[in-house]
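Some structures to go through are shown next.
What follows is chain A paired twice: with chain B in the first complex and chain C in the second.
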Partner chain A sequence: MHIPDGLIPLEQCIIYYIIVIIVGYFAVRWARENLDEKQIPLLAVLAAGIFAIQAMNIPIPWGTSGHMVGAAIVAILIGSPFAGFLVLAVVLIIQGLAFGDGGITTLGLNIFNMGIIGSFVGFYSFKGLKAVLSDVPSIFIASFLSLFIPAIACALELWIAGAFPLIAGLYFMGIYHFVIGIVAEGLISTTVYIAINNVRPDLIATKKINS
Partner chain B sequence: METKTKKFMIIGLVVAITIAILAPFLASSNPDGFESAAEKILNPGIEEAELYESPMPDYIIPSLGEDPISGSVAIVIGVIVVFILAYGIGYLIKNKKK
Partner chain C sequence: MNITLNNIEQETWKDSIIHNLDGRIKLILTLMIVIYSVYTTDLKVLLLLEIYIILLLLFSKVSISYFVKRVLMILPFGGFIAIFQPFIKEGLVLYTLPFGLTISYEGVLFGILLLSRLVVCLSTIVLLSSVTPLDSIVNSMRKLGFPKEMAMILNMTVRYLFVFFDELESIAKAQKSRCFSIWNRKTSYSWRLKQIAFTIMMLFLKSFEKGETVYYSMLARGYSGEAISYKEESPIMKIDYGIIVLTLIVIFSTEIILLNGFI
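Right, the complex of A and B next:
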């Protein structure tokens, strides 16, 4: 759901940039106060891994494909939606500037959707679900939502921009990303979580918060 | 840095670079969810406004041509740049005096 240049009017692009700069300020403040120095290598490795996995498009029905975004798993592993924001911001900036994936005017919008909405939805739905479910279903549903909700947001933003009609936009963005959310985001995030939980459970920050 | 943290970091990077090398060979070249939606909704699809030429458009190295190897090189470069940038930002945020 990397939105290219040319679909969103400039003044709307600026609004998304402003929101990203404000959240960025709080993210830096969060990192300065709460990010453990030992978590920096984990943060950097996750950013590298997410950049790689985003290049791996998985086929879904209807001649379409999709890839994981990764905001939820980062937020959950590091223990803050701001971590997901920082990682996705770095990944999306490099994708936009060096690889032409996602526009320049829409960089703010793309960070807003995947970095902010994705991270906050993923992190807080995981926390909420953990109160009633065990780890694995919680991470699966939370990571699914962290992809599906930004896609719905995308449809709404494209509607506000006058690029997509509301119903058709919600319908097509919705069905494609429903499947991408399950196969790309949900399954991979759950696998990564289980793998890290097996070898280095001490790296999972949300474990410490809840136990 | 602790040895086990270093070990985890190296394993993570190896996994990331492996995915990067394999991606151009394995990834689906079908349009993604957004592009498919745009094809269905907009006629004749998205008109991309090229605002500027990125150095590695569509995850290839232009001088190496459009084959998967060129893609692998581009994505590996991306992985390394993202790693260094994320590490650097983390380091700067933590070490800049308040």
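Right, the complex of A and C next:
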């Protein structure tokens, strides 16, 4: 889902950068007001952990493999979509600059998709679903949506940029990420959540907020 | 094509005229070339930029096969979109294929343009990351005015990235020694998935716990949340200015020649 340089025209890249800078401003303000100083090193180390987690291949039916993005699970564990945004922004900056995964002009767009849409959709759908469902189905659906919706957004953005037709884009991105969303993001995040809930429930911030 | 984080970092410790340039200069240079190649729609300009990057690569002593491998490794996603263009762009039909597929002239041109842009941008980024250590890239961003909080998180992330990749490698080795493979059909799919989920959970827990330990050790050294980290002073040398001027000359002269229709 990392869109590389060259596919999106410069003027559109600037718009995504502006959105990311505005959300970034609120995220830093949120971090100053709500995080105690302990959580800054935690976010940094967590970003390194997410980086390694994203490098792990997860088998997908059809003999291919996918990987997790982790925006929803970070937002839910830390208790704010801004945390997911900050962690993913750091990961994407390093991936874009040092690995060429994603790009420099498209960095704003990639942070917008995975950091903003992924974290916000994941966190708020989890919060909304928890009102009607229990923890496990809520986290499964929220994590699935946190990958599937950005993939759909990605197809839309490529269409706006004139790089790929809408229907074909929605079809390719939709089907591929539907399966990855269920297996790599949904099932894995749910298992991770259950396991952390069993061994270190104190780490799950959304629990503290709700109680 | 097994290129790990350590391989990338090892390549950056070579000694060459390009490696020794200031990190800020290399970052600005990369930005200039990437932005210009996304801006241009002329294939000749892209060819010229690629030649310039290859010349810099030759001066940098970075192995060419390593460079090509890295570019090829990250090309597929964008390459897929570029290769599809002849079939999806409307225009003058060059060939008609079975199943109602057509190849259009405009599509071929647009596809080549996208692919050339991708190759130039990826070559530039791979060159930057092959001649600049990760912490130097991050420190340069800070020196160029990146927000303090984000720069601090980035800096720490880069430090712990290597710890987690080592961790991941030792987990993978331990699993391999027990004959675990994600493709092994002798075990059930759900069981394999569960093992991967537990590994990811362990990495999550390790990052949380490492984060706490790091915080306590920082606290013991006087960290208060308002810590100032000192940056190494590195004056910009004549050669640094020289390479920026050279790149500007390449970009502006190409643009001026192009505007006047000489090429």
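Basically, the second predicted complex is superposed on the first by the 195 of 211 C-alpha atoms of A that agree within 3 Å, B and C clash if a C-alpha of one lies under 4 Å from a C-alpha of the other, contacts with A are read in each partner's own complex, and residues count from 1 in each chain.
Here is the rule we use: a contact is a pair of C-beta atoms (placed from the backbone, for glycine too) under 8 Å apart; a residue touches a chain by one contact, two chains touch by 3 or more.
All of these numbers come straight from a predicted model, not from anything done at the bench.
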| item | value |
| --- | --- |
| Fit or clash between chain C and chain B when superposed on chain A | clash |
| Which superposed partner A:I188 touches (first chain B, second chain C, both, neither) | second |
| Partner chain in contact with A:H177 - chain B first, chain C second, else both or neither | first |
| Partner chain(s) touched by A:V45 [first = chain B, second = chain C, both, neither] | both |
| Which of chain B and chain C A:I53 touches, first, second, both or neither | both |
| Touched partner set for A:G66, first chain B, second chain C, both or neither | first |
| Of the stretches 40-48, 94-102 or 112-120 belonging to chain C, the one that collides with chain B | 112-120 |
| Overlap of chain C and chain B interfaces on chain A (superposed complexes) | 2-7, 28, 31-32, 37-38, 40-53, 55-59, 63, 65, 86, 90-91, 94, 96-101, 103-105, 163-165, 168, 199-200, 203 |
| For the chain C and chain A complex, residues of the former touching the latter | 8, 30-31, 34-35, 37-39, 70-71, 74, 77-78, 81, 84, 88, 114, 117-118, 120-122, 125-126, 128-129, 134, 137, 147, 149-150, 152-161, 163-165, 167-168, 182-183, 189, 192-194, 196-201, 203-208, 210-212, 214-215, 218, 223-225 |
| Residues of chain B touching chain A in the complex | 1-2, 4-6, 8-9, 12-13, 15-17, 19-20, 22-24, 26-34, 36-38, 40-42, 46-59, 74-75, 78-87, 89-91, 93-94, 96, 98 |
| Touch list for chain A against partner chain B, complex | 1-7, 28, 31-32, 35, 37-53, 55-60, 62-67, 86-87, 90-91, 94-101, 103-105, 151, 154-155, 163-165, 168-169, 172-173, 176-177, 180, 199-200, 203 |
| Complex interface listing, chain A residues touching chain C | 2-10, 13, 24, 28, 31-32, 36-38, 40-53, 55-59, 61, 63, 65, 68, 73, 77, 86, 89-91, 93-94, 96-101, 103-105, 158, 163-165, 168, 183, 187-188, 191-192, 195-196, 199-200, 203 |
